[in-house]
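Pasting the structures in now, so scroll down.
In the two complexes below, subunit A is the common chain; its partner is subunit B in one and subunit C in the other.
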Partner chain A sequence: MYNDKLRDFIKSAFEKKLIEAVMAPAPTKDSYTYALITRKEDVDKLTPIAPVMQWNGADMLRRITRLKKSGRKLLAILRPCETRTFKELVKFNQINPDNITILSYDCPGTVHAREFKNEKISEEELIEKMKKNEISEKVRDSCNVCEYPTPIKGVGDIGFGIIGVEEPVFFSLSDNGKEFLKNMGIEEGERDDTKWIEIHRNNREKWLKEERIKGGTKGIEDFLSSCLNCHNCKDACPICFCKECFFEDHSVFDYESDKYFRWADEKSGIRLPTDKTLFHLGRLIHMGTSCIGCGLCQQACPMDIPLYRLFGIVGNDLQKLFDYKPGVNDDIPPVMDFREEELQDFEGLPEEGD
Partner chain B sequence: MNEEKEKEFEPVIVGFFCNWCTSAAADMAGTARLHYPPSIRPIRVMCSSTVDPVYLIRALQEGADATILGGCHPGDCHYINGNYKARRRVAIVKTVLKSLGFDDERILLEWISGSEGPKFARVMNEYTELIKKKGPSDFKYIDSLGGD
Partner chain C sequence: MVMKRIGVFICHCGRNIAGTVDVKKVAEEIGKREDVAIATTYVFMCSEPGQKLIEDSIKKYDLDGVVVANCSPTLHERTMRNAAARAGLNPYRVEIANIREQCSWPHENEPEKATDKAIRIINATIEKLKANASLEPIEVPVIRRALVIGGGVAGIQAALDLADSGIETILVEREPSIGGNMFRLSETFPTLDCPQCILTPKMNDVANHPNIKLYTYSEIEDVSGYMGNFKVKIKKKATYVDWDKCTGCGECMKVCPAYALSEYDFGMAKRKAIYIQNEQAVPLKAVIDENKCIKLQFDKKVREGKIKPKKHVRICEKCVDVCDAQAIHFKNNEEIIEEEVGAIIVATGFEVMPAEKFPELGGHYPDVVTALQFERLLAPSGPTNGIPRRPSDGKIPKRIAFIHCVGSRDPEHGVPYCSRICCMYLIKQATLYRHAVPDGEAYAFYIDIRSNGKGYEEFYERSKEEYGVVYIRGKVGKVYKVGDKYRVQAVDTLTGRVIEMDVDMVVLATAAVASKGIKELAKKLRIPYDEWGWLKEVHLKLRPLETPVAGIFIAGTAQFIKDITDTVSEASGAAAKAMAMLSKPKLEKEPLLAKVDPEICAGCGRCKEVCPYGAIDIDPRRHVAVVNEALCEGCGACSANCPTTAIQVVNFKKPQIINMVDVLAEVF
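Then we have the complex of A and B:
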């Protein structure tokens, strides 16, 4: 029903010539993919609200607009987390937002792509639960503790409200969205999403307290002990957009064999391949301040390491330090900015008696 | 050899020193014959902001017991604002370490200008004392079989 509603919306936008292309999820045999379509006839192939998030949609937009702005008027249908990613990537100059209109919706959460492959679930089922303000036990960990499960004013253009209303409503999130809805001839509606946000935030509070990885070297080594060093988490991460990575081409950390033998002497044996844990710590340092919380690192992990516990919780600490919320407003990302008077606690020798 | 090591722990501290200030201060401390411990292994960099925090934890992982990043005092950066960026980066790496239960005092950010030879010697002495008190770092056992 909700997907039909959105498909009708897209078709009518095509008819009114407000858009020339759409990017939204489309079903495949065992999962969902993102699809870019340019004709009204293809709209029925789309499932705007999908129960699976195989990739981050903002990452897909980055891929098609990183060289040049979108050449056609594009409507992208993104989840709230993807919309925040979009905003964050625009700040990093990775996406050219010109000509792109974003529609986001009240998100019921998504199922782990591998679990979905084994046991199919329809988006209607997740949405029905959401309408009763219940989070399905099948959704991914990161969806369960999502901080912003609904569209935010100022992030994206158009909101599609599902919670607390019989008939879904459209509302604007930006001036562009307001204009768009006006041209579509759609009356803006209202709905109340506070309860849905509240249950997620409560889950999140509890999760931040209980799931932290502690214990220094032993803690992190135990947590990552089954890691294959495949770097899938990095590839799935929308914030890890660098073309060259410290840890990908090992020329930065390439040594002659003598060094490895010496380290083996000193550390009572080294693990091979080397730098497996250092990779995760390095990644945390580079992207933690902008971690959106999409949880795709965890979904991409072939060994089912609950990586979102690492990136989400440490990321939360970093974001608290800079009083920064990635993707929810126009603040500059901490790694691109500085103040002259700040962070004095991090300078100099620790005080005596500490 | 091992017994000797146990008797007195001599830490290894890697210092990344800005070319325009802390490195000059190190030279000054040397020419003034101020004493500072041999535990410091200085590396001259063009600016404190050129040191990616990954290099700091890399040094700790390769066997250093502590690292120092030495830069110009706020407002005095040769490249206008590099030291402010370095401060943010150090804040990030220290927060990550602390958050995971590591000792974040094993990374030190210190502003030492080119004329502060005595301060350079004092900081190196005090920091070495502190690290001696703390004992060997267990961060070096990341990606190894050693440690507890």
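Then we have the complex of A and C:
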């Protein structure tokens, strides 16, 4: 029903010539992918609200617009976390937002891509639960503790409200969205999403307290002990936008054998490869302040390491430290900001073993 | 490309290094490396024979890289690179390992550890050197013009020296006239020359010099470009008077009904809203203070819609009526002028802390003044015609307390440093006061008298013997008002006696600080300054007139407080530095600049955001960063902020740095 409504919306937008293309999820045999569609006839191939997030939609928009702005009027249907990614990537000059209209919706969460492959679930089921203000136990960890599960004013253009109303409503998030809805002949509606947000935030508070990785260096080593160093988490991360990761430039970590032996002497043996934990720490430093919490790092891990516990919680701490909320406003990311008055005190680290 | 035949030359620096570090052992240890062809020591590597040793070794051992372990690279990197170049080795294959400032000096008490550390520093430097590329300097053209910022005695002297050598020079001064602080002084120590008499000829030379373009009442708006090729935007502030027509007759000042405190007299007198800064001003032109002029204030309120315009009614305009030259037009004639220059001399001078900052010393009373204010009261050209009078009631003070070190040498209430000139000018002021008021008494409260200049000590002695100035060694704790007198409480530290004394006036030698607005200007010029605003030189001893930005020099008290003698010498020195640069047909620039690997760069722009020189842009077509070599100074801020290794400084590549860190951090 909700997807029908959105498909009708898209078709109508094509008819009214408000858009010339749309990017939204479409089903594949075992999952959902993003599809770029340029004709009204093809809109039925889309499932705008999909139960799986195989990739981050903003990452797809980055691919389309990094070199040149969108040449056609494009509508993108993104989950709230993806709209925040979109905003963050615009700041990093990775997406050109010109000519793109973004529609986002009250998100019921998504299930892990592998679990979906094993056991299919429909988006309707997730939405039905959401309407009762219940989070499905099948959704991913990161969805369960999502800080912003609904569209935010100023992030994206159009909101699609599902919670707390019988019939879904459209509302604007930006001036562009306001104009768009007006041209569509749609009257803006209202709905109350506070409860849905509250449930998630309560989960989040609990999670921040209980799931923190403890035990200092050993705790991190243990946590990452099964890591294959495959770098999948980095590939799935939409904020890791580098063409070539620092950790893939092997010249940086090319050492002569003497060095390995010396290290082994000093430390009563060393773990090999030496750049595994360092890789994760490097990534935390590079993208921690911009982590928007999509949790795709964790979904990408072939060893099922609950990576979001590392990136989400450290990201949360870092963002607090710099008073920065990625993707929800136009503040400059700390890594791009030069301040003469540097951070003075730092008390963000929890005590060893607590 | 990886070097296999490296020469390591370890300097004793007399006993500076060898007194702590066991240089023989260092040479022995380093000599064991496979990639080191020779490791040797010499007593002074920077000396002629030391350099010869390096040159000869390069030839003898066919060296492909050289590490000199000595002092900071800011001192002798160039010396050693030049020596290598003479022997046919690319100078960028020479690296300095700093084992003096970063090793022997701080670790004087731990010679063994210092020796280990020296070995480690040299090993790390070898690691860096091994991946150094051979480079050629970059040539840039040079514009044979100079800019001098600040029209005090330093700026005047520098501009004249430059102009005399045939270099077209632009002199910018923010006040309506040049002359600066010196022109406001009563007389100068120790010769008691009248500054007006000795400075006006120079000021007139500036005005009439064919090679000097003078912009007064102007400020620096923006500076871009690089050594030899600066682009400067100068804002000429609105004067509301046509200076081409103004004859400087001063009739307008007589009729103007609006007053303001005179900046020229440091608030010791009033001036009109339309004013010529002083009778000997250069240029001798009137300006209107828009905040005080009745007509301009009225016009402003009309513009803001606060009051209604009045038709056919003239608001004031008394000055217009008496201006035969018809120069006053009331039009906002602010304008931005663009100039191109090859070198810049910053001569922005100093000011003193206001007396109000020291309420415990009575700084808020009208008769407690700063020494600069007292200069005006002693100056024959000043508001009291050279006979000091109390600002409160105009009476001639019969007893004055001169208080030294107010805020100076006092980190808690002022600044930690000695302001250098106060001792001498208070001696002078006390002397002049005794001369002007023969029955007056002068008491000076001091911590130490610092009179270390030619003729200074003699001047001090004369003030005691001939003029009867009384010097009391002790700091004043409190000054407060008793009737129409001021009670000074102090302790005479020589006798231990507590002193209470009632005086008519108090002169405070408040601490000197850098001129207002210097930090903003320094940011535009991208030159560093310390927390008090004094500009930082490259090296206090050896390069005191240069800033780290090539092509920008410092003259006079902008660098630190100093007397007129030193200021004038420095100004000529800075001018000579600028001339040396501008006399070359082309300038050579260090090729140690940032380079982008477009294959890796994702065009995120983090480097662009942090570049302090505006040297980076994002190519819109390829969506990658590009570096403007002319603007890049090779500081590496971009590289540190690049999430990948796309932008790196040549010869400071990531693997080089990581290898250095590895060696330095290794536990032996």
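By our rule, the second predicted complex is superposed on the first by the 343 of 354 C-alpha atoms of A that agree within 3 Å, B and C clash if a C-alpha of one lies under 4 Å from a C-alpha of the other, contacts with A are read in each partner's own complex, and residues count from 1 in each chain.
The rule is short, and it goes like this: a residue touches a chain if its C-beta (ideal position, glycine included) is under 8 Å from a C-beta of that chain, and two chains touch if they have at least 3 such contacts.
Note that the coordinates shown come from a computational prediction; the quantities given were computed from them, not determined experimentally.
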item	value
Partners on subunit A (subunit B, subunit C) - clash or fit	clash
Which of subunit B and subunit C A:278 touches, first, second, both or neither	first
Touched partner set for A:73, first subunit B, second subunit C, both or neither	neither
Touching partner for A:245 - first (subunit B), second (subunit C), both, neither	second
Contacts of A:63 with subunit B and subunit C, given as first, second, both or neither	neither
Which superposed partner A:92 touches (first subunit B, second subunit C, both, neither)	second
Which superposed partner A:266 touches (first subunit B, second subunit C, both, neither)	both
Subunit B versus subunit C as contact partner of A:218, first or second or both or neither	first
Subunit B versus subunit C as contact partner of A:325, first or second or both or neither	neither
Partner chain(s) touched by A:338 [first = subunit B, second = subunit C, both, neither]	both
Dominant toucher of subunit A (residue count), subunit B or subunit C	B
Colliding region between subunit C and subunit B, picked from 24-32, 96-104 or 132-140 after the shared-chain fit	24-32
Set intersection of subunit A contacts, subunit C complex versus subunit B complex	246, 253, 266, 286, 335, 337-338
Interfacial residue positions of subunit C with respect to subunit A in the complex	599-606, 609-610, 618, 621-623, 641, 643-646, 654-655, 658, 662, 666-667
Subunit C-facing residues of subunit A, complex	66-67, 92-94, 241-246, 249, 251-255, 259, 262, 266, 286-287, 332, 335-338
Complex interface listing, subunit A residues touching subunit B	212-221, 246, 253, 263, 266-271, 274-278, 281-282, 284-286, 288-289, 313-314, 317-318, 321-322, 334-335, 337-340, 342-343, 346-350
In the complex with subunit A, residue positions of subunit B that touch it	52-54, 57-58, 61-63, 74-75, 81, 84-85, 87-96, 98-103, 105, 108-111, 123, 126-127, 130, 138-148
